[in-house]
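Across the two complexes that follow, chain A remains constant while its partner is chain B and subsequently chain C.
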Partner chain A sequence: MADRGRGIRVTIPSDVSYLEPIRTLIQEIASLAGLPREAVNEVELAVTEGCANVIRHCYCNSDRERIDLSFAFADDFFEVRIDDYGKFVDPSRIKSRPLDDVRPGGLGVHLMRKVMDEVTYTKNRWGGTSLTMRKRLARPGEPRKDRSGR
Partner chain B sequence: MTIQVKREALPDATVVSISGSVDIYSSPELRGELKVALDGKVRKLVIDMDGVSFVDSSGLATLIEALQKVQAYSGKLLLCNLSAKVLGVFQLANLDRIFQIRETREAALEG
Partner chain C sequence: MALQRTMRIDHSRRGDVSVVSLEGEFDFHDVTHASDTIGKFIDAGARRILFDLRRLHFLSSGGIGYFVQTTKRLRALGGDVVLANVPESFDWVARTLGIDRLIRIFASESEALAHLRGAGLAADAAPDSAQAST
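Entry: the complex of A and B
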(Lines of atoms letter the chains of each structure in order from A and count residues from 1; the text may use other names and numbers.)
(Lines give C-alpha, C1' and ligand atoms only; values in the text may rest on other atoms or scores of the structure.)
Protein backbone atom coordinates (compact mmCIF):
# COMPACT_ATOMS: atom_id res chain seq x y z
CA MET A 1 0.00 0.00 0.00
CA ALA A 2 1.44 3.33 -0.99
CA ASP A 3 1.92 6.00 1.62
CA ARG A 4 -1.33 7.95 1.60
CA GLY A 5 -0.47 10.04 4.62
CA ARG A 6 -3.48 8.90 6.61
CA GLY A 7 -4.31 5.41 7.70
CA ILE A 8 -4.20 2.73 10.33
CA ARG A 9 -2.99 -0.86 10.57
CA VAL A 10 -4.29 -3.58 12.80
CA THR A 11 -3.55 -7.28 13.24
CA ILE A 12 -6.18 -9.73 14.40
CA PRO A 13 -6.21 -13.48 14.99
CA SER A 14 -8.05 -15.54 12.38
CA ASP A 15 -10.98 -15.80 14.75
CA VAL A 16 -14.49 -14.94 13.54
CA SER A 17 -15.34 -13.42 16.92
CA TYR A 18 -12.98 -10.55 16.02
CA LEU A 19 -15.05 -9.44 13.04
CA GLU A 20 -17.59 -7.52 15.11
CA PRO A 21 -14.87 -5.38 16.78
CA ILE A 22 -13.30 -4.83 13.36
CA ARG A 23 -16.64 -3.51 12.10
CA THR A 24 -16.78 -1.13 15.03
CA LEU A 25 -13.27 0.04 14.17
CA ILE A 26 -14.30 0.55 10.54
CA GLN A 27 -17.17 2.76 11.69
CA GLU A 28 -14.65 4.98 13.47
CA ILE A 29 -12.01 5.03 10.73
CA ALA A 30 -14.51 5.57 7.96
CA SER A 31 -16.10 8.42 9.87
CA LEU A 32 -12.64 9.94 10.23
CA ALA A 33 -12.21 9.60 6.47
CA GLY A 34 -15.54 11.33 5.89
CA LEU A 35 -17.32 8.40 4.26
CA PRO A 36 -21.09 8.72 4.03
CA ARG A 37 -23.09 6.27 6.17
CA GLU A 38 -24.06 3.99 3.27
CA ALA A 39 -20.45 3.72 2.13
CA VAL A 40 -19.35 2.85 5.68
CA ASN A 41 -21.90 0.02 5.71
CA GLU A 42 -20.56 -1.26 2.40
CA VAL A 43 -16.94 -1.20 3.59
CA GLU A 44 -18.00 -3.10 6.74
CA LEU A 45 -19.60 -5.76 4.56
CA ALA A 46 -16.65 -6.05 2.17
CA VAL A 47 -14.10 -6.36 4.99
CA THR A 48 -16.22 -8.93 6.82
CA GLU A 49 -16.46 -11.00 3.63
CA GLY A 50 -12.75 -10.64 2.88
CA CYS A 51 -11.70 -11.73 6.38
CA ALA A 52 -14.27 -14.54 6.45
CA ASN A 53 -12.87 -15.90 3.18
CA VAL A 54 -9.34 -15.84 4.59
CA ILE A 55 -10.44 -17.67 7.75
CA ARG A 56 -12.58 -20.22 5.92
CA HIS A 57 -10.58 -20.95 2.78
CA CYS A 58 -7.01 -19.90 3.49
CA TYR A 59 -6.72 -20.94 7.14
CA CYS A 60 -9.33 -23.76 7.03
CA ASN A 61 -11.21 -22.19 9.99
CA SER A 62 -8.18 -22.23 12.27
CA ASP A 63 -8.35 -19.38 14.78
CA ARG A 64 -4.60 -19.51 15.48
CA GLU A 65 -3.37 -17.66 12.39
CA ARG A 66 -2.92 -13.98 11.68
CA ILE A 67 -4.67 -11.41 9.50
CA ASP A 68 -3.26 -7.94 8.88
CA LEU A 69 -5.62 -5.14 7.94
CA SER A 70 -4.50 -1.78 6.61
CA PHE A 71 -6.88 1.12 6.10
CA ALA A 72 -5.77 4.18 4.15
CA PHE A 73 -7.68 7.13 2.88
CA ALA A 74 -7.24 10.21 0.78
CA ASP A 75 -9.60 12.88 -0.55
CA ASP A 76 -11.02 10.69 -3.28
CA PHE A 77 -10.78 7.09 -2.03
CA PHE A 78 -10.83 4.75 0.93
CA GLU A 79 -8.65 1.66 0.68
CA VAL A 80 -8.53 -1.54 2.71
CA ARG A 81 -5.88 -4.22 2.37
CA ILE A 82 -6.23 -7.65 3.94
CA ASP A 83 -3.06 -9.76 4.13
CA ASP A 84 -2.89 -13.38 5.08
CA TYR A 85 0.07 -15.69 5.61
CA GLY A 86 -1.33 -18.75 3.91
CA LYS A 87 -0.97 -19.93 0.34
CA PHE A 88 -1.45 -17.48 -2.50
CA VAL A 89 -4.88 -17.91 -4.04
CA ASP A 90 -5.04 -17.68 -7.82
CA PRO A 91 -7.51 -14.84 -8.52
CA SER A 92 -8.92 -16.71 -11.53
CA ARG A 93 -10.15 -19.40 -9.10
CA ILE A 94 -12.05 -16.91 -6.98
CA LYS A 95 -15.54 -16.92 -8.38
CA SER A 96 -19.02 -16.28 -7.09
CA ARG A 97 -22.06 -18.31 -8.03
CA PRO A 98 -24.61 -17.03 -10.57
CA LEU A 99 -27.27 -15.14 -8.61
CA ASP A 100 -30.12 -17.07 -10.22
CA ASP A 101 -28.64 -20.34 -8.91
CA VAL A 102 -30.13 -19.80 -5.47
CA ARG A 103 -28.36 -21.91 -2.87
CA PRO A 104 -26.50 -21.32 0.37
CA GLY A 105 -22.96 -20.00 -0.09
CA GLY A 106 -20.94 -18.47 -2.91
CA LEU A 107 -22.03 -14.87 -2.34
CA GLY A 108 -19.09 -13.38 -0.46
CA VAL A 109 -16.97 -12.43 -3.47
CA HIS A 110 -20.03 -11.15 -5.30
CA LEU A 111 -20.88 -8.83 -2.40
CA MET A 112 -17.30 -7.52 -2.17
CA ARG A 113 -17.16 -6.76 -5.87
CA LYS A 114 -20.59 -5.20 -5.77
CA VAL A 115 -19.96 -2.72 -2.97
CA MET A 116 -16.33 -1.77 -3.69
CA ASP A 117 -15.06 -0.01 -6.82
CA GLU A 118 -11.85 -2.04 -7.10
CA VAL A 119 -11.06 -5.52 -5.77
CA THR A 120 -7.62 -6.97 -6.53
CA TYR A 121 -5.73 -10.03 -5.35
CA THR A 122 -1.93 -10.13 -5.43
CA LYS A 123 0.74 -12.34 -3.92
CA ASN A 124 2.24 -10.65 -0.88
CA ARG A 125 5.85 -10.81 0.27
CA TRP A 126 5.06 -13.53 2.79
CA GLY A 127 3.75 -15.79 0.03
CA GLY A 128 0.14 -15.29 1.06
CA THR A 129 -2.63 -13.27 -0.54
CA SER A 130 -3.09 -9.56 -0.38
CA LEU A 131 -6.66 -8.45 -1.05
CA THR A 132 -6.89 -4.76 -1.80
CA MET A 133 -10.30 -3.11 -2.03
CA ARG A 134 -10.81 0.50 -2.87
CA LYS A 135 -13.88 2.66 -2.61
CA ARG A 136 -13.97 5.87 -4.56
CA LEU A 137 -15.42 8.75 -2.65
CA ALA A 138 -18.06 10.74 -4.48
CA ARG A 139 -17.31 14.42 -4.92
CA PRO A 140 -19.88 16.82 -3.47
CA GLY A 141 -22.94 16.85 -5.71
CA GLU A 142 -21.88 13.69 -7.59
CA PRO A 143 -24.59 11.01 -7.56
CA ARG A 144 -23.78 7.75 -5.80
CA LYS A 145 -23.21 4.65 -7.91
CA ASP A 146 -26.27 2.38 -8.03
CA ARG A 147 -25.03 -0.94 -6.65
CA SER A 148 -28.30 -2.83 -6.69
CA GLY A 149 -27.54 -4.24 -10.14
CA ARG A 150 -31.12 -3.65 -11.31
CA MET B 1 -22.21 -13.55 21.29
CA THR B 2 -23.17 -11.07 18.62
CA ILE B 3 -26.73 -12.36 18.27
CA GLN B 4 -29.85 -12.95 20.32
CA VAL B 5 -32.51 -15.30 19.01
CA LYS B 6 -35.98 -15.81 20.48
CA ARG B 7 -38.48 -18.40 19.26
CA GLU B 8 -42.23 -18.08 19.88
CA ALA B 9 -44.82 -20.66 18.89
CA LEU B 10 -48.09 -18.92 17.96
CA PRO B 11 -51.29 -20.76 16.96
CA ASP B 12 -50.71 -20.27 13.20
CA ALA B 13 -47.01 -19.62 12.97
CA THR B 14 -43.66 -19.75 14.65
CA VAL B 15 -41.86 -16.44 14.99
CA VAL B 16 -38.10 -16.33 15.32
CA SER B 17 -36.92 -12.88 16.41
CA ILE B 18 -33.30 -12.00 15.83
CA SER B 19 -31.23 -9.12 17.06
CA GLY B 20 -27.56 -8.30 16.67
CA SER B 21 -25.20 -9.19 13.84
CA VAL B 22 -25.97 -12.20 11.67
CA ASP B 23 -22.51 -13.09 10.44
CA ILE B 24 -20.09 -16.00 10.11
CA TYR B 25 -19.68 -15.99 13.91
CA SER B 26 -23.35 -16.02 14.89
CA SER B 27 -24.89 -17.95 11.99
CA PRO B 28 -24.39 -21.37 13.62
CA GLU B 29 -26.52 -20.27 16.58
CA LEU B 30 -29.24 -18.97 14.27
CA ARG B 31 -29.11 -22.19 12.24
CA GLY B 32 -29.63 -24.17 15.45
CA GLU B 33 -32.70 -22.14 16.45
CA LEU B 34 -34.18 -22.38 12.97
CA LYS B 35 -33.54 -26.12 12.91
CA VAL B 36 -35.85 -26.62 15.89
CA ALA B 37 -38.68 -24.89 14.02
CA LEU B 38 -37.90 -26.64 10.75
CA ASP B 39 -37.65 -30.09 12.33
CA GLY B 40 -41.19 -29.50 13.63
CA LYS B 41 -42.22 -28.66 10.04
CA VAL B 42 -44.00 -25.45 11.06
CA ARG B 43 -46.41 -24.39 8.32
CA LYS B 44 -45.48 -20.75 8.60
CA LEU B 45 -42.14 -19.48 9.85
CA VAL B 46 -41.79 -15.72 10.36
CA ILE B 47 -38.30 -14.38 10.92
CA ASP B 48 -38.48 -10.98 12.57
CA MET B 49 -35.24 -9.11 11.89
CA ASP B 50 -36.19 -5.94 13.74
CA GLY B 51 -33.03 -5.93 15.85
CA VAL B 52 -30.60 -7.04 13.15
CA SER B 53 -27.87 -4.46 12.61
CA PHE B 54 -25.70 -6.37 10.14
CA VAL B 55 -25.94 -9.38 7.86
CA ASP B 56 -23.20 -10.99 5.76
CA SER B 57 -23.12 -13.80 3.20
CA SER B 58 -23.04 -16.45 5.97
CA GLY B 59 -26.26 -14.99 7.38
CA LEU B 60 -27.81 -14.99 3.92
CA ALA B 61 -26.72 -18.61 3.42
CA THR B 62 -28.38 -19.61 6.70
CA LEU B 63 -31.64 -17.98 5.64
CA ILE B 64 -31.51 -19.50 2.14
CA GLU B 65 -30.98 -22.92 3.73
CA ALA B 66 -34.04 -22.37 5.96
CA LEU B 67 -36.13 -21.20 2.99
CA GLN B 68 -35.23 -24.28 0.96
CA LYS B 69 -36.09 -26.59 3.86
CA VAL B 70 -39.48 -24.89 4.36
CA GLN B 71 -40.21 -25.08 0.64
CA ALA B 72 -39.30 -28.76 0.64
CA TYR B 73 -42.28 -29.53 2.87
CA SER B 74 -44.51 -26.86 1.24
CA GLY B 75 -44.37 -24.52 4.21
CA LYS B 76 -44.01 -20.78 4.13
CA LEU B 77 -41.17 -18.54 5.32
CA LEU B 78 -41.51 -14.79 5.60
CA LEU B 79 -39.05 -12.13 6.72
CA CYS B 80 -40.09 -8.87 8.34
CA ASN B 81 -38.79 -5.66 9.88
CA LEU B 82 -35.60 -5.45 7.82
CA SER B 83 -33.70 -2.19 8.22
CA ALA B 84 -32.69 -0.36 5.04
CA LYS B 85 -29.11 -1.50 5.64
CA VAL B 86 -30.05 -5.18 5.91
CA LEU B 87 -32.53 -5.01 3.03
CA GLY B 88 -29.73 -3.49 0.96
CA VAL B 89 -27.62 -6.64 1.38
CA PHE B 90 -30.56 -8.81 0.24
CA GLN B 91 -30.93 -6.55 -2.82
CA LEU B 92 -27.22 -6.82 -3.66
CA ALA B 93 -27.69 -10.59 -3.92
CA ASN B 94 -31.12 -10.33 -5.63
CA LEU B 95 -32.57 -12.21 -2.65
CA ASP B 96 -35.34 -9.66 -2.14
CA ARG B 97 -36.88 -11.38 -5.18
CA ILE B 98 -36.59 -14.82 -3.64
CA PHE B 99 -37.75 -14.20 -0.07
CA GLN B 100 -41.19 -12.97 0.90
CA ILE B 101 -40.36 -9.78 2.78
CA ARG B 102 -42.94 -7.80 4.77
CA GLU B 103 -42.54 -4.47 6.49
CA THR B 104 -44.11 -5.52 9.79
CA ARG B 105 -44.57 -8.65 11.85
CA GLU B 106 -48.36 -8.26 11.56
CA ALA B 107 -48.15 -8.20 7.77
CA ALA B 108 -45.91 -11.27 7.83
CA LEU B 109 -48.31 -13.17 10.08
CA GLU B 110 -51.19 -12.30 7.74
CA GLY B 111 -49.30 -13.10 4.55
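Entry: the complex of A and C
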Protein backbone atom coordinates (compact mmCIF):
# COMPACT_ATOMS: atom_id res chain seq x y z
CA MET A 1 0.00 0.00 0.00
CA ALA A 2 1.20 3.48 -0.79
CA ASP A 3 2.46 5.62 2.08
CA ARG A 4 -0.25 8.27 2.11
CA GLY A 5 1.80 10.42 4.44
CA ARG A 6 4.17 10.96 1.55
CA GLY A 7 1.50 11.78 -0.95
CA ILE A 8 -0.16 14.94 -2.20
CA ARG A 9 -3.83 15.80 -1.83
CA VAL A 10 -5.77 18.30 -3.87
CA THR A 11 -9.42 19.33 -3.82
CA ILE A 12 -11.02 20.86 -6.89
CA PRO A 13 -14.55 21.92 -7.80
CA SER A 14 -16.46 19.60 -10.11
CA ASP A 15 -15.67 21.84 -13.07
CA VAL A 16 -13.97 20.45 -16.17
CA SER A 17 -12.01 23.66 -16.60
CA TYR A 18 -9.99 22.64 -13.52
CA LEU A 19 -8.68 19.49 -15.18
CA GLU A 20 -5.99 21.31 -17.12
CA PRO A 21 -4.16 22.57 -14.00
CA ILE A 22 -4.56 19.09 -12.54
CA ARG A 23 -2.77 17.67 -15.58
CA THR A 24 0.02 20.18 -15.06
CA LEU A 25 0.30 19.05 -11.44
CA ILE A 26 0.39 15.41 -12.54
CA GLN A 27 3.25 16.15 -14.92
CA GLU A 28 5.27 17.45 -11.99
CA ILE A 29 4.55 14.83 -9.36
CA ALA A 30 4.48 11.79 -11.65
CA SER A 31 7.83 12.85 -13.04
CA LEU A 32 9.16 13.19 -9.49
CA ALA A 33 7.85 9.68 -8.78
CA GLY A 34 10.01 8.39 -11.60
CA LEU A 35 7.44 7.73 -14.30
CA PRO A 36 8.73 8.06 -17.85
CA ARG A 37 7.16 10.71 -20.06
CA GLU A 38 4.85 8.27 -21.84
CA ALA A 39 3.52 6.94 -18.54
CA VAL A 40 2.97 10.47 -17.25
CA ASN A 41 0.81 11.16 -20.31
CA GLU A 42 -1.19 8.04 -19.56
CA VAL A 43 -1.77 9.04 -15.94
CA GLU A 44 -2.92 12.49 -17.11
CA LEU A 45 -5.39 10.82 -19.44
CA ALA A 46 -6.69 8.39 -16.82
CA VAL A 47 -7.22 11.13 -14.22
CA THR A 48 -8.96 13.34 -16.77
CA GLU A 49 -11.30 10.51 -17.71
CA GLY A 50 -11.95 9.58 -14.08
CA CYS A 51 -12.75 13.15 -13.03
CA ALA A 52 -14.87 13.73 -16.12
CA ASN A 53 -16.93 10.66 -15.30
CA VAL A 54 -17.49 11.95 -11.76
CA ILE A 55 -18.61 15.34 -13.07
CA ARG A 56 -20.89 13.92 -15.74
CA HIS A 57 -22.39 10.87 -14.11
CA CYS A 58 -22.08 11.42 -10.36
CA TYR A 59 -22.67 15.15 -10.17
CA CYS A 60 -24.80 15.46 -13.34
CA ASN A 61 -22.50 18.22 -14.68
CA SER A 62 -22.93 20.45 -11.64
CA ASP A 63 -19.80 22.53 -11.07
CA ARG A 64 -20.67 23.19 -7.43
CA GLU A 65 -19.57 19.86 -6.01
CA ARG A 66 -16.21 18.66 -4.77
CA ILE A 67 -13.63 16.17 -6.00
CA ASP A 68 -10.66 15.07 -3.90
CA LEU A 69 -7.53 13.76 -5.58
CA SER A 70 -4.73 11.97 -3.78
CA PHE A 71 -1.39 11.12 -5.33
CA ALA A 72 0.79 8.64 -3.48
CA PHE A 73 4.10 6.93 -4.09
CA ALA A 74 5.45 3.49 -3.32
CA ASP A 75 8.59 1.70 -4.39
CA ASP A 76 7.00 0.01 -7.35
CA PHE A 77 3.89 2.01 -8.25
CA PHE A 78 2.34 5.44 -8.47
CA GLU A 79 -1.21 5.69 -7.17
CA VAL A 80 -3.99 8.17 -7.84
CA ARG A 81 -7.26 8.17 -5.93
CA ILE A 82 -10.32 10.17 -6.95
CA ASP A 83 -13.03 10.59 -4.30
CA ASP A 84 -16.46 11.99 -4.88
CA TYR A 85 -19.27 12.82 -2.47
CA GLY A 86 -22.12 11.55 -4.54
CA LYS A 87 -23.89 8.24 -4.50
CA PHE A 88 -21.73 5.12 -4.56
CA VAL A 89 -21.62 3.52 -7.98
CA ASP A 90 -21.83 -0.25 -8.05
CA PRO A 91 -18.61 -1.36 -9.82
CA SER A 92 -20.49 -4.11 -11.62
CA ARG A 93 -22.52 -1.38 -13.36
CA ILE A 94 -19.42 0.43 -14.58
CA LYS A 95 -18.72 -1.06 -17.98
CA SER A 96 -16.62 -0.10 -20.92
CA ARG A 97 -18.64 0.93 -23.92
CA PRO A 98 -18.31 -1.20 -27.03
CA LEU A 99 -15.94 0.46 -29.45
CA ASP A 100 -18.51 0.43 -32.21
CA ASP A 101 -20.76 2.55 -30.02
CA VAL A 102 -18.48 5.55 -29.78
CA ARG A 103 -19.96 8.86 -28.74
CA PRO A 104 -18.65 11.75 -26.63
CA GLY A 105 -17.90 10.80 -23.06
CA GLY A 106 -18.41 7.07 -23.35
CA LEU A 107 -14.87 5.80 -23.61
CA GLY A 108 -13.37 6.90 -20.34
CA VAL A 109 -13.61 3.62 -18.45
CA HIS A 110 -12.14 1.74 -21.38
CA LEU A 111 -9.23 4.16 -21.59
CA MET A 112 -8.54 4.11 -17.87
CA ARG A 113 -8.33 0.33 -17.91
CA LYS A 114 -6.06 0.42 -20.92
CA VAL A 115 -3.53 2.87 -19.57
CA MET A 116 -3.40 1.99 -15.88
CA ASP A 117 -2.24 -1.29 -14.37
CA GLU A 118 -4.96 -1.41 -11.70
CA VAL A 119 -8.36 0.30 -11.59
CA THR A 120 -10.62 -0.32 -8.59
CA TYR A 121 -13.84 1.24 -7.33
CA THR A 122 -14.79 1.15 -3.64
CA LYS A 123 -17.29 2.92 -1.43
CA ASN A 124 -15.62 5.71 0.49
CA ARG A 125 -16.30 6.92 4.03
CA TRP A 126 -18.60 9.68 2.77
CA GLY A 127 -20.81 7.23 0.92
CA GLY A 128 -19.43 8.21 -2.45
CA THR A 129 -17.09 6.41 -4.79
CA SER A 130 -13.36 6.09 -4.45
CA LEU A 131 -11.62 5.34 -7.74
CA THR A 132 -8.09 4.08 -7.17
CA MET A 133 -5.71 3.70 -10.12
CA ARG A 134 -2.18 2.43 -10.00
CA LYS A 135 0.65 2.72 -12.48
CA ARG A 136 3.45 0.28 -11.94
CA LEU A 137 6.95 1.69 -12.04
CA ALA A 138 8.92 -0.43 -14.50
CA ARG A 139 12.32 -1.53 -13.34
CA PRO A 140 15.25 -0.68 -15.64
CA GLY A 141 15.17 -2.96 -18.67
CA GLU A 142 11.68 -4.26 -17.91
CA PRO A 143 9.29 -4.04 -20.87
CA ARG A 144 6.29 -1.79 -20.48
CA LYS A 145 2.74 -3.06 -20.44
CA ASP A 146 1.40 -3.61 -23.96
CA ARG A 147 -1.49 -1.16 -24.19
CA SER A 148 -2.52 -2.01 -27.68
CA GLY A 149 -4.08 -5.33 -26.81
CA ARG A 150 -2.93 -6.51 -30.23
CA MET B 1 -15.42 30.25 -11.03
CA ALA B 2 -14.49 28.43 -14.20
CA LEU B 3 -10.92 28.75 -15.37
CA GLN B 4 -10.64 30.35 -18.79
CA ARG B 5 -8.90 28.26 -21.37
CA THR B 6 -9.94 27.66 -24.94
CA MET B 7 -8.62 25.34 -27.59
CA ARG B 8 -7.61 27.37 -30.64
CA ILE B 9 -9.36 26.45 -33.87
CA ASP B 10 -7.99 27.70 -37.20
CA HIS B 11 -9.83 27.12 -40.44
CA SER B 12 -8.60 27.40 -43.99
CA ARG B 13 -9.55 25.86 -47.31
CA ARG B 14 -7.63 23.77 -49.81
CA GLY B 15 -9.97 23.76 -52.73
CA ASP B 16 -13.13 22.07 -51.50
CA VAL B 17 -11.45 20.60 -48.42
CA SER B 18 -11.73 22.43 -45.11
CA VAL B 19 -8.54 22.18 -43.06
CA VAL B 20 -9.22 22.65 -39.37
CA SER B 21 -6.13 23.02 -37.19
CA LEU B 22 -6.56 22.46 -33.47
CA GLU B 23 -4.11 23.86 -30.96
CA GLY B 24 -3.91 23.23 -27.23
CA GLU B 25 -5.96 20.65 -25.35
CA PHE B 26 -9.09 18.91 -26.58
CA ASP B 27 -10.95 17.81 -23.48
CA PHE B 28 -14.64 17.59 -22.54
CA HIS B 29 -14.39 21.29 -21.75
CA ASP B 30 -13.78 22.01 -25.45
CA VAL B 31 -16.45 19.89 -27.12
CA THR B 32 -19.09 22.63 -27.05
CA HIS B 33 -16.63 25.19 -28.41
CA ALA B 34 -15.61 22.79 -31.21
CA SER B 35 -19.22 21.90 -32.01
CA ASP B 36 -20.25 25.55 -32.21
CA THR B 37 -17.26 26.71 -34.25
CA ILE B 38 -16.90 23.81 -36.66
CA GLY B 39 -20.67 23.43 -36.86
CA LYS B 40 -20.74 26.87 -38.48
CA PHE B 41 -18.31 25.67 -41.15
CA ILE B 42 -20.53 22.67 -41.81
CA ASP B 43 -23.65 24.81 -41.88
CA ALA B 44 -21.88 27.01 -44.44
CA GLY B 45 -21.32 24.01 -46.67
CA ALA B 46 -18.10 22.32 -45.54
CA ARG B 47 -18.44 18.60 -46.25
CA ARG B 48 -14.87 17.31 -46.34
CA ILE B 49 -12.87 18.22 -43.26
CA LEU B 50 -9.23 17.51 -42.54
CA PHE B 51 -8.36 17.91 -38.86
CA ASP B 52 -4.70 18.83 -38.47
CA LEU B 53 -3.67 17.81 -34.94
CA ARG B 54 0.02 18.68 -35.01
CA ARG B 55 -0.38 21.43 -32.40
CA LEU B 56 -2.69 19.48 -30.14
CA HIS B 57 -0.95 18.32 -26.98
CA PHE B 58 -3.76 16.59 -25.13
CA LEU B 59 -6.73 14.56 -26.36
CA SER B 60 -9.27 12.92 -24.09
CA SER B 61 -12.13 10.61 -24.98
CA GLY B 62 -14.30 13.73 -25.18
CA GLY B 63 -12.29 14.93 -28.15
CA ILE B 64 -12.23 11.51 -29.76
CA GLY B 65 -15.99 11.25 -29.36
CA TYR B 66 -16.35 14.62 -31.06
CA PHE B 67 -14.38 13.41 -34.10
CA VAL B 68 -16.56 10.32 -34.34
CA GLN B 69 -19.78 12.31 -34.10
CA THR B 70 -18.62 14.81 -36.71
CA THR B 71 -17.58 12.01 -39.04
CA LYS B 72 -21.00 10.38 -38.74
CA ARG B 73 -22.71 13.70 -39.37
CA LEU B 74 -20.65 14.54 -42.44
CA ARG B 75 -20.91 11.07 -43.96
CA ALA B 76 -24.66 11.33 -43.65
CA LEU B 77 -24.34 14.52 -45.70
CA GLY B 78 -22.14 12.84 -48.29
CA GLY B 79 -18.87 14.16 -46.87
CA ASP B 80 -16.03 12.77 -44.79
CA VAL B 81 -13.48 13.52 -42.05
CA VAL B 82 -9.82 12.56 -41.84
CA LEU B 83 -7.16 13.17 -39.19
CA ALA B 84 -3.61 14.20 -40.02
CA ASN B 85 -0.41 14.80 -38.08
CA VAL B 86 -1.68 12.99 -34.99
CA PRO B 87 0.99 13.38 -32.29
CA GLU B 88 2.62 10.13 -31.30
CA SER B 89 1.75 10.73 -27.67
CA PHE B 90 -1.91 10.00 -28.33
CA ASP B 91 -1.90 8.32 -31.71
CA TRP B 92 -2.12 4.98 -29.89
CA VAL B 93 -5.16 6.21 -27.94
CA ALA B 94 -7.08 6.68 -31.16
CA ARG B 95 -5.88 3.39 -32.58
CA THR B 96 -6.38 1.29 -29.47
CA LEU B 97 -9.96 2.53 -29.24
CA GLY B 98 -10.47 1.42 -32.80
CA ILE B 99 -11.01 4.94 -34.10
CA ASP B 100 -8.82 4.13 -37.07
CA ARG B 101 -11.54 1.69 -38.14
CA LEU B 102 -13.99 4.58 -38.31
CA ILE B 103 -11.83 7.54 -39.33
CA ARG B 104 -8.83 7.51 -41.66
CA ILE B 105 -5.64 8.72 -40.01
CA PHE B 106 -2.77 10.04 -42.13
CA ALA B 107 0.80 10.87 -41.28
CA SER B 108 0.75 14.10 -43.25
CA GLU B 109 -1.62 16.74 -44.51
CA SER B 110 -0.69 16.02 -48.14
CA GLU B 111 -1.65 12.35 -47.82
CA ALA B 112 -4.89 13.30 -46.12
CA LEU B 113 -5.70 15.83 -48.84
CA ALA B 114 -4.97 13.24 -51.52
CA HIS B 115 -7.40 10.84 -49.87
CA LEU B 116 -10.13 13.43 -49.57
CA ARG B 117 -9.68 14.51 -53.16
CA GLY B 118 -9.89 10.92 -54.18
CA ALA B 119 -6.83 10.65 -56.43
CA GLY B 120 -3.08 11.03 -56.55
CA LEU B 121 -0.85 13.18 -54.40
CA ALA B 122 -2.14 16.52 -53.29
CA ALA B 123 -1.04 19.50 -55.27
CA ASP B 124 0.49 22.35 -53.37
CA ALA B 125 -2.69 24.28 -53.46
CA ALA B 126 -2.53 27.60 -51.71
CA PRO B 127 -5.15 28.19 -49.06
CA ASP B 128 -8.01 30.45 -49.96
CA SER B 129 -7.84 33.97 -48.73
CA ALA B 130 -10.71 33.29 -46.35
CA GLN B 131 -9.37 32.03 -43.03
CA ALA B 132 -10.82 32.01 -39.59
CA SER B 133 -9.43 31.62 -36.11
CA THR B 134 -11.17 31.32 -32.80
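We take it that the second predicted complex is superposed on the first by the 140 of 150 C-alpha atoms of A that agree within 3 Å, B and C clash if a C-alpha of one lies under 4 Å from a C-alpha of the other, contacts with A are read in each partner's own complex, and residues count from 1 in each chain.
Just so we're on the same page, a contact is a pair of C-beta atoms (placed from the backbone, for glycine too) under 8 Å apart; a residue touches a chain by one contact, two chains touch by 3 or more.
Model, not experiment: these values are computed from the prediction.
Visitor: So, on chain A, is it clash or fit between chain B and chain C?
Guide: Overlaying the two structures gives a clash between chain B and chain C.
Visitor: Who does A:63 touch here: chain B (first), chain C (second), both, or neither?
Guide: second
Visitor: Between chain B and chain C, whom does A:41 touch in the aligned arrangement: first, second, both, or neither?
Guide: both
Visitor: Does chain B (first) or chain C (second) touch A:49, or do both, or does neither?
Guide: A:49 sits against chain B and chain C alike.
Visitor: Kindly list the residues of chain A that each of chain B and chain C touches, one partner per complex.
Guide: 16-17, 19-20, 23, 38, 41, 44-45, 48-49, 52, 55-56, 99-100, 102-105, 107-108, 110-111, 114, 147-149
Visitor: Please give the residue numbers of chain A that touch chain C in the complex, ascending.
Guide: 15-21, 23, 38, 41, 44-45, 48-49, 52, 55-56, 63, 99-100, 102-108, 110-111, 114, 147-149
Visitor: Within the complex, which stretch of chain B touches chain A?
Guide: The touching residues are 2, 21, 23-25, 54, 56-58, 60-62, 64-65, 68, 85, 88-89, 91-95, 98.
Visitor: Please give the residue numbers of chain C that touch chain A in the complex, ascending.
Guide: Against chain A, the touching part of chain C is residues 2-5, 25, 27-29, 31, 58, 60-62, 64-66, 68-69, 89-90, 92-93, 95-99, 101-102.
Visitor: Given the complex with chain B, which residues does chain A contribute to the contact?
Guide: Where chain A meets chain B, its residues are 16-17, 19-20, 23, 38, 41, 44-45, 48-49, 52, 55-56, 99-100, 102-105, 107-108, 110-111, 114-115, 147-150.
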